Amino acid sequence: MTADVAESIRADAPDRARAVVLEATGMTRRFGGLVAVNDVSFTVNDGEVFGLIGPNGAGKTTLFNLMTGLIQPTSGRLHYRGADITALRPHQVAARGIARTFQNIRLFGNLSAVENVMIAQHVHTRSGVLAGVLGLPPAPAEARATRKKAMELLDLVGMADRAETKAVNFAYGDQRRLEIARALALEPHVLLLDEPAAGMNPSEKQTLSGFIRSVRERFDLTVLLIEHHVPLVMGLCDRIAVLNFGKLIALGPPHVVQKDPAVIEAYLGDAG
Amino acid sequence: MSAPDTASTPTTSPIRQQSGPDNAAHVLLDLRNVTVNYGGIQALREINLTVRAGEIVTLIGANGAGKSTTLRTISRLINARSGQIFYDGRDIGSVRPDEVVRRGIAQCPEGRRVLTRFSVLDNLEMGAYVRSDRAEIRADIERQFTLFPILGERRNQQAGTLSGGEQQMLAIARAVMSRPRLLLLDEPSLGLAPLIVRNIFAVIRELHEQGVTILLVEQNAHLALQYADRGYVLEAGHVTIEGAAAELADDERVRQAYLG
Amino acid sequence: MAHFIQSLLNGLSIGSVYAIFALGYTLVFSILGIINFAHGAIFTIGAYFTYVLTGAAFGFNGVLANRSLPFGLTLVIAMIVGSLLAGFLSVIIERLAFRPLRRRGADRLLSLVSSLGVAIVAVNLIQYLVGAEIYTYKGKITGNLPSAVNFGSENTPIPIRTVQIVIFGVSCLILVLLTFMINYTKIGKALRAVSEDATTASLLGINTDRLIMFTFFLSGFLGGMAGTLVGSSVSIAGPYFGIAFGLKGLAVIVLGGLGDIPGAVVGGLVLGLAEAFVPSDYSAYKDAVAFGLLFVVLLLRPQGILGRVQVQKV
Amino acid sequence: MSDFFHAHSSVIVSMVFAAVLGLSLYLPLMAGQLSLASPGFYALGGYVAAVFSTKIFNVASGAHFPIPYLLIEMIVAAVLCGALAIIVGIPALRLRGIYLALATVAFVEILRVVSLNLKITGGAVGIFKIPQPFRSTLQYLWIALPLLILAMAFVYRLEKSRIGRAFTAIREDELAADAMGIAPTYHKVLAFTMGAILAGIVGTVSAHFLNTWNTRQGDFNASITVLAIVLIGGSRTFLGPVLGGLVLTALPEILRSVADIGGLPHWLAQFLKDGRLIIFGLLLVLCTVFFPQGIITPEFLGRVRRLFSRRPRATTADEARAAP
Amino acid sequence: MKRLAIPFLVILALVLAACGSSSSTATPAPAVTKAPAATTAASAASGSAPVALSGQPIPIGLAIATTSNVALLGEEEKNGGLLAEKFFNDRGGVNGRPIKVILQDTAGDEQGAINAFQSLISAKVVGIVGPTLSQQAFAADPTANSAKVPVIGPSNTAKGIPQIGEYVTRVSAPIAVVAPNAIKQALKINPNIKKVAVFYAQNDAFSVSETDTFQTTAKSLNLEVTTVQKFQTTDTDFQTQVTNALATKPDLAIVSGLAADGGNLVKQLRELGFKGIIIGGNGLNTANIFPVCKAQCDGLLVAQAYSPALKSDINDGFKKVYTDQFKKDPPQFAAQTFTGIQVFVEALKSLDNKTKIANMSIEDLRVALNKEVTAGKYDTPLGKISFDKDRELVQNDFYVAQIKMNPDGATGTFVFLS
C-alpha cells in the first residue's frame, strides 16, 4: 500500500510506464443479496491499455460505474494519482480527468453531434449565465474555441461532415464513435471504454483498434476497456483483468491470461 | 457436451404434441422483408427468416445487431415499418401482443423479466394466463417442477429473491406454461455461470424433443450452434449469413464476423 | 386522555374520507403511472348519479332545473347503480382522453393536462345542467342509527358521527376486497403483472388495453361510491365537491406511496391523524402541516410510507 | 382597432404575463426538472409589490406610482424569490419527475397557508388599493412586453450558451451529463432559481395590474394552469410556453365573445355563453390528443424554417431554368 | 390524423380570433354610443345612433361569478339581477325606456372580474352591479373607477370597498350592526349563557371581518370566548373543530362561514351532541343551508342583512316574482343584486327627470348617474337605504331570524325575530 502511494507520487517521473494512475482496493458492491463486484483490487499504470473481460453479468460495467462515481461501493477504496476519489460524485471524477463511454450508449439524443461534443468541454470553460446570455467575455471566445475543438474531435472520428445531425439519427457504430469523441472532449487522462466495438462489423473493429491506439498516443491517455471481442482485447491491451461473478479471477498480460484455465472455464465456457 | 442432466428429465411431456410426421417441412414462422425503425435508427433491414415446425433455429450476432428487436417484432411489441410476418400461414403483422400468445407463440424475454413481486407459483400461473383449464394448468405446473426441481423447492418464494439462474429457469418455465408451438428464447445464457448455462440448454433440448419449435437468440454462438438445426447471423440489423448450424459453426465468415 | 382518544378517532374519521377518495385515485396510478385529475370529477358525478337515481329533483338553476326521474331507488341501491354508471363513465373517459395519448406515445405528464381538461368539462357541465346548488340525499345511509356514537362517558363524551364510522368501515372493507382481488384472482394478478411490467404482461398473453379499461371501471366505481358516501356525510356541495378533495387526495397517495393500494388507506389515515393532532391554537396551519408532512415524506421516503425501495438501474 | 385593444387590454396584458409565467416553468424544464413552484414565487413577488407599495413607499393616493419604485420592487422580489428557491431547491431537486412536481405543489400550498395567516399579507382579504404606475391598463404593456421579450431573448441566448447546454444535457440524460463533468444539482438549482426569479418578477407587476393581492393568486389551480400552458404550447422549445400562455389565457375570453356574434341560434349562443368553460376543457383534451408534443415542437420549427429557406432557392432554380 | 390536426387547429384559432375580434371591433370608436353588440337583436337594428335613442334599452352591467366554486352565490345574484330587469321593465323601466341587464361571468378570480368589467365597459353599460367577492372588487372596481363607470357591489362586505374610488359604492353592509342583536337575542332565549365557542372561515374575507364583530360583542356582553376555531370554506369535515370546542363546554356557538361549510358545521355540531344555541353569521342567511343541515338547522339564529319577512310594497313585489319563479323565499344575495339594479333604475329615472338622458353622451351619463346614485334615497327589499358622504351604505333595517324547519326536514323558513 505505502509502496503504491510512493509510486503514485512519482507519477510525473520520467519512468512513466510504471507510475500507478488508478488503484482499486477491495472494491465491493452489493445490490440486495447480489454481490455484483466482490473484493476487487488492481492497479492501472500510466499510459497502458488495460482490458477488462468476463462473461455477461460478471460485474464489469458495475466496476466502471464504481470507478466513475455513478454508484458508491459498499466497501473498498479507489485512488487516482494518490488521491482518494471513492466518494466523489461523477462530475467531480470527470473533472479530475476520468472520462468514459457507456455500454448502452448514452448520447444526448436530441442534440447534434457537435453539441454533444461541446457539452463535454463544460469543465474546461468558465462563462456563467450572464456572460453567456449577454455575450460578454469570455463567453464568445470560449464558444468559438469550444466549437472549434468539437469540430476537430468530430474530424478525428470521421464525423465532421455530419456535425449538425442529431445524435439519435446516427447508426450504431457512429454513435459509438461519437461517444468516444465526446469523452475525449473532456481532455481526460484516463479513458474508460465500455464495449466500444459492440455492434461493429469486423473491419470496423479493426479500424477501432487502430483508432484507440492512435488516440492513446496522441492524447497521452491511459485506457481501460471492457470488451467481448477477444482478438481485439488480445491485440490491443497491455494487461487484462478477468472478472467472473464479481470476482477478479485473473490479471496479467494477454498471453498469460489467455492460457489461464480458470479464464477458459469462466469466459470462453463451452466454446473453450 | 455431456448428456442432459438426468435429474431434469421430465416424466411426461407438458407440451402440445405436434401431429403428423411431415411437420418438419411445415413453415411455422416466416418473416418477409421486415424492416424496423427504432429510436430513430434502422434497427432491422429487410430481414427474411423462416422457422419450420420442429426446428431449433438460432439467431446470432453481436450486441446491438438487432436480435432482440427481431423477437420483439415477432411478438408484436414493436411495429415493423414494412414487411410481413406469417405465423402458421396467417399474417400476424397487425394483431395485439396478447393475441400472438393466444395463437401459440411464447417469448422468454431478455434479462428474464420474471414478475419479481410474484411467487414462483404465481409466475407460472401467469404464464398460463391464456388458458382456462385449471386442472391441466395445475398438472403443467407440477411438470415444470419436475423439469426444474429447484423451482419446486422454491414455489412459494418471491421471484425477485431467486438467483439469476433460477430466474432464467422460471422465465423459461413460465413461457412454456402457455403451451406454445413456437418458443422465442432471448439470450437464455445471459449472465449465468457455465454450469447453469449447460443445465438450461439441456432443458431447451428437452423441450424441443417434446415438440416445441424454438427460435433462439444467443450471443454465445458456439453454444447456440451446438444445439440448433439452422442459424442466421445478424450484423447491424441485416442477415448476412444463414445456413445449417453445423456448417455455420465451421464457416470462416462466421468466425470472422462473430468469433474472430 | 379523553382528548387524545378524541383526536385519534377524529384523525381516523377524517382520514377515512381521504382514504376512500384516494383508493380509486391510486388504482389508476398503479397501472398507468399517471395521476388522473378527473378522479375528483368522477367522485362528484357519482354523487350526483346517486342523487338522481333516488328520484330526487334538481333545484332551480341549470338546464335540468326541477327535473327528476320518473322512478326512485332506495339510497343504497341508487348508490350501487350510480357507482356502476360512474365506472362506465370512467371507461369512456379513458377511451377519449387517455388511450389516444398512450397510443401516440405521449409523455405521461400530458395525461395530467388531458385529465385536467376532462375535469374542467365535467365541473362546468354539471353546473350547466344542474347549477351550483347544494344537494342532499333524501334518506340516510346510516338508516335509523343515532347520528353519533359516544366512545366516552356521559361526562367526558368522545363523540364520532355514525356516518363517518360507516365510511371508515367501507374504506376498510374495500381495502380488504381489493387486496383479495389483487392477490388471489386471475384478473387481480393480471393487474399486478401489468403494473410491474406491462411489456412482460403482454408477452404472457394479457390484453393490457382491456385490463386498463377494467382498472378505470373499478376506479370510477370506487370513486362514485366514495362520492356518494362522502356526499351523504356532508352533502353534495356543488360541482366542485370532488375537485376540492383532489389536492388532499394527491397528498394521500404520495404519503402512501404512489400506486400502493394499502398505502392509500394508510396515507389517508396518517394525514387525517396529522391534521387531528395539530394543536387547536395552530389549527389555522392545519393544511400547512399536511403539506409539510408531504414535503418531508417525499424527501425522506419518496416511495411512500409503505413503499419498497427500488434500486435504480445505471 | 385601438378600441379593440382598449376593450381587451386586461386580457392582452394578462396573456403576456401568462407567457412569461410559462417561461418561468420552462426554465427548470430546460434542465429536465418539472417544477410546479412558479405560482408560489409569483405569489411571493406579488406580496413584495403589495407590501412595498402600500406600506413602505409613501405614494399620495391618486398619484401615479413611480416606475423606479416598481423596479425596486422587482429587484427585491427577485432577490427574495431567488434566495427561497435555493433553500427549497437544494433538497427538493433531489427528487425526480412526478415526485418533484408534487413536492413543489406542497411548497406552493404551504406558502398559501402561511400567507393566509400572516398579518402583513392581510389574511383572507389580502392587500388592496395597490397604487397604479400607469394611467390605463393597456400601458402595462410598456412593462409586460419588454419583460416578455427580455425573458424570451434571455432563454433563447441561454439555450445556446455553455450553461444552457449543460441544462439540456441534464434533461437529455442526467447520468451521462454527470459523467461528462456537469454537476447536476448545481445546474438544476440554478435553473430552478432563475425560473423562480422570473415568476417573482411577473408577480410584482401583476400585483399592480390586479390592484389587489391575496392568497388565491398562487394556488394549486394556478400550478396546474401553468403546467397546461407549457405542455399545450410545447415543452421542448421556449416558443411553446409563450404560445401556450397567450392562447390559453385568451381562449376563455375569445369564447366569451363568440357567444356575442349576431345571427347564432338562440340556444347555441346561450350554450356558448354558459358553457364556454365546457368548450375550453374539451379543447384542452383535444389539444393533448392531437398535439401530444405540444403545438410547437422543434420539428415543427424545423419545417417552418425549411419552408422559408426553400422558397428563395426555388426561385433561383426557376431563374436558372429560365436563363438559357 | 396528425396531418389533419394542424390545419384544423390553425383554422379553429383563426375563426375564433376573427369572431372574437369582430364582435368587439364591430363597434368603431365614435364618441356617440350605440347599444352593445351583446344585446343581439337590438344591436342589429341600430346604426351608430346616440346612446339613448328612446325605445332603445338602457344597458346595465351585471358582473358576477356564474362559474367556479363561488358560483353558488353567483347563481343567486344572477337570479336576482335578471328578475330585476323584468320587474322594472314591467313597471315602465326608466320613464318608459326599458333597461337591459347584460350578464358577464367573472369566474372566481380577480383576473376574470377585471375582464368581465372591461367587457361590460366596452359594451357601453351605464353602470355595473358586481362583482361577487370583495377580493374581486378590489381588483376590478379600480378599472371601472378610472373609466368613470359607476359600480354597485351586491355582496362586497370587506372594509374599504367604497374607498376604492368615487365611482364605487355597495348595497351590502358590513354586518357590524346586526351581530350584537343576534347575541342579545340568544341571551333573551337563554339568559344563562356564559361560554361561547366561535368558528370562522379563515379564507373568506367576509367571515373574517364578521367574526371580529361577533367576538368583540360577546366580550362586551361579559361572555367568555372559550375557543376560536378556524376552518376553510373548502373544508367538509369539522369533527376536530367541533370536538375541540365541545371540550370547552360552551353554551353558545357562533359560526361565520358560507352556506356549504357553515351548514355542515351546524349539522356536525348537532350530531356530535351540542345542545346550546347556535348563531350563524350573514353567510348562512340562505335557504341553501337547509339541504345541508336539514332538521338540524332548526332553531339556528341567523344575522340577516335581508329578510323576506320585511313588509313593504317593494319587498312584497320582489318576493312574489321570486317565489313565483323559484318556489322559495328569495335569498339575501338575490335581494341585494335586485337592489343594486333598482338603485340604478331609480337614479336613472330621477336623472332623466332633471336632464333628458336621451341627449347625453354615455360618458356624461355615467358621471351624472354616479352622482345621482349616491345622492338618492331608496325604498328597497333591504328596507330604506341611502349612502353617506363616503358613499358607504346607510341601511336602517337589520334582522335576526330563527330557522324553523318543516317536518319533512328538507324545507324551512326564516322566522323574523326582531
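Residue numbering begins at 1 within each chain, and the chains themselves are lettered A, B, C, D and E in the order written.
Just so we're on the same page, contacts are C-beta pairs under 8 Å (C-beta built on N, C-alpha and C of every residue); 3 or more make two chains touch, one makes a residue touch a chain.
Given the structure is predicted, the values throughout are model-derived calculations rather than measurements.
Peer 1: Touching chain B and chain E alike: which chains?
Peer 2: In this structure, the chains that contact chain E and also chain B are C.
Peer 1: Count the C-beta contact pairs for A-B and for C-E, then tell me which is higher.
Peer 2: Counting C-beta pairs in contact for A-B and C-E gives the edge to C-E.
Peer 1: Farthest from chain D in C-alpha centre terms, which chain would that be?
Peer 2: Ranked by distance of C-alpha centres from chain D, the top chain is B.
Peer 1: Give the label of the chain whose average Cα location is farthest from that of chain A.
Peer 2: E
Peer 1: List the centre-to-centre spacing of chain A and chain C in whole Å, with centres computed as mean CA coordinates.
Peer 2: So the centre of chain A lies 51 Å away from the centre of chain C.
Peer 1: Based only on mean CA positions, could you tell me how far chain A sits from chain E in angstrom?
Peer 2: Taking the average C-alpha coordinate of chain A and of chain E, the gap between them is 72 Å.
Peer 1: Just the number, please: Cα centre separation of chain C and chain D in whole Å.
Peer 2: 32
Peer 1: Can you list every residue of chain A that touches 2 or more other chains, as numbers and ranges?
Peer 2: Counting only residues that touch two or more other chains, chain A contributes 70, 109.
Peer 1: Two or more other chains in contact with one residue: find those residues in chain D.
Peer 2: Correct list: 116-117, 175, 274, 277, 287.
Peer 1: Enumerate the residues of chain C that touch no fewer than two other chains.
Peer 2: 124, 284, 287, 314 - these are the residues of chain C that touch more than one other chain.
Peer 1: Which stretch or stretches of chain E touch chain C in the complex?
Peer 2: 67-69, 71-72, 74-75, 79, 202, 227, 229-232, 234, 236-237, 239-241, 243-244, 246-247, 259-261, 263-264, 268, 270-273, 288-289, 291-292, 294, 325-328, 410
Peer 1: If you look only at chain D, which of its residues touch chain C in the complex?
Peer 2: 34, 91-92, 94-95, 98-99, 101-103, 105-107, 109-110, 113-114, 116-117, 175, 220, 224, 227-228, 231-232, 235, 271, 274-275, 277-278, 280-285, 287-289, 292-293
Peer 1: Tell me, which parts of chain D touch chain A in their complex?
Peer 2: Against chain A, chain D makes touches at 153-154, 157-158, 160-166, 168-169, 172-173, 175-184, 190, 194, 236, 298.
Peer 1: Mind listing the chain B positions that touch chain C in their complex?
Peer 2: 75, 77, 96-98, 101-102, 106-107, 109, 113, 115-118, 122, 125-127, 129-130, 174, 178
Peer 1: Which residues, counting only chain A, touch chain B once they are in their complex?
Peer 2: So the residues of chain A touching chain B come out as 33, 55-58, 109, 166, 168-173, 175, 195, 198-202, 228-232, 245, 265-266, 269-271.
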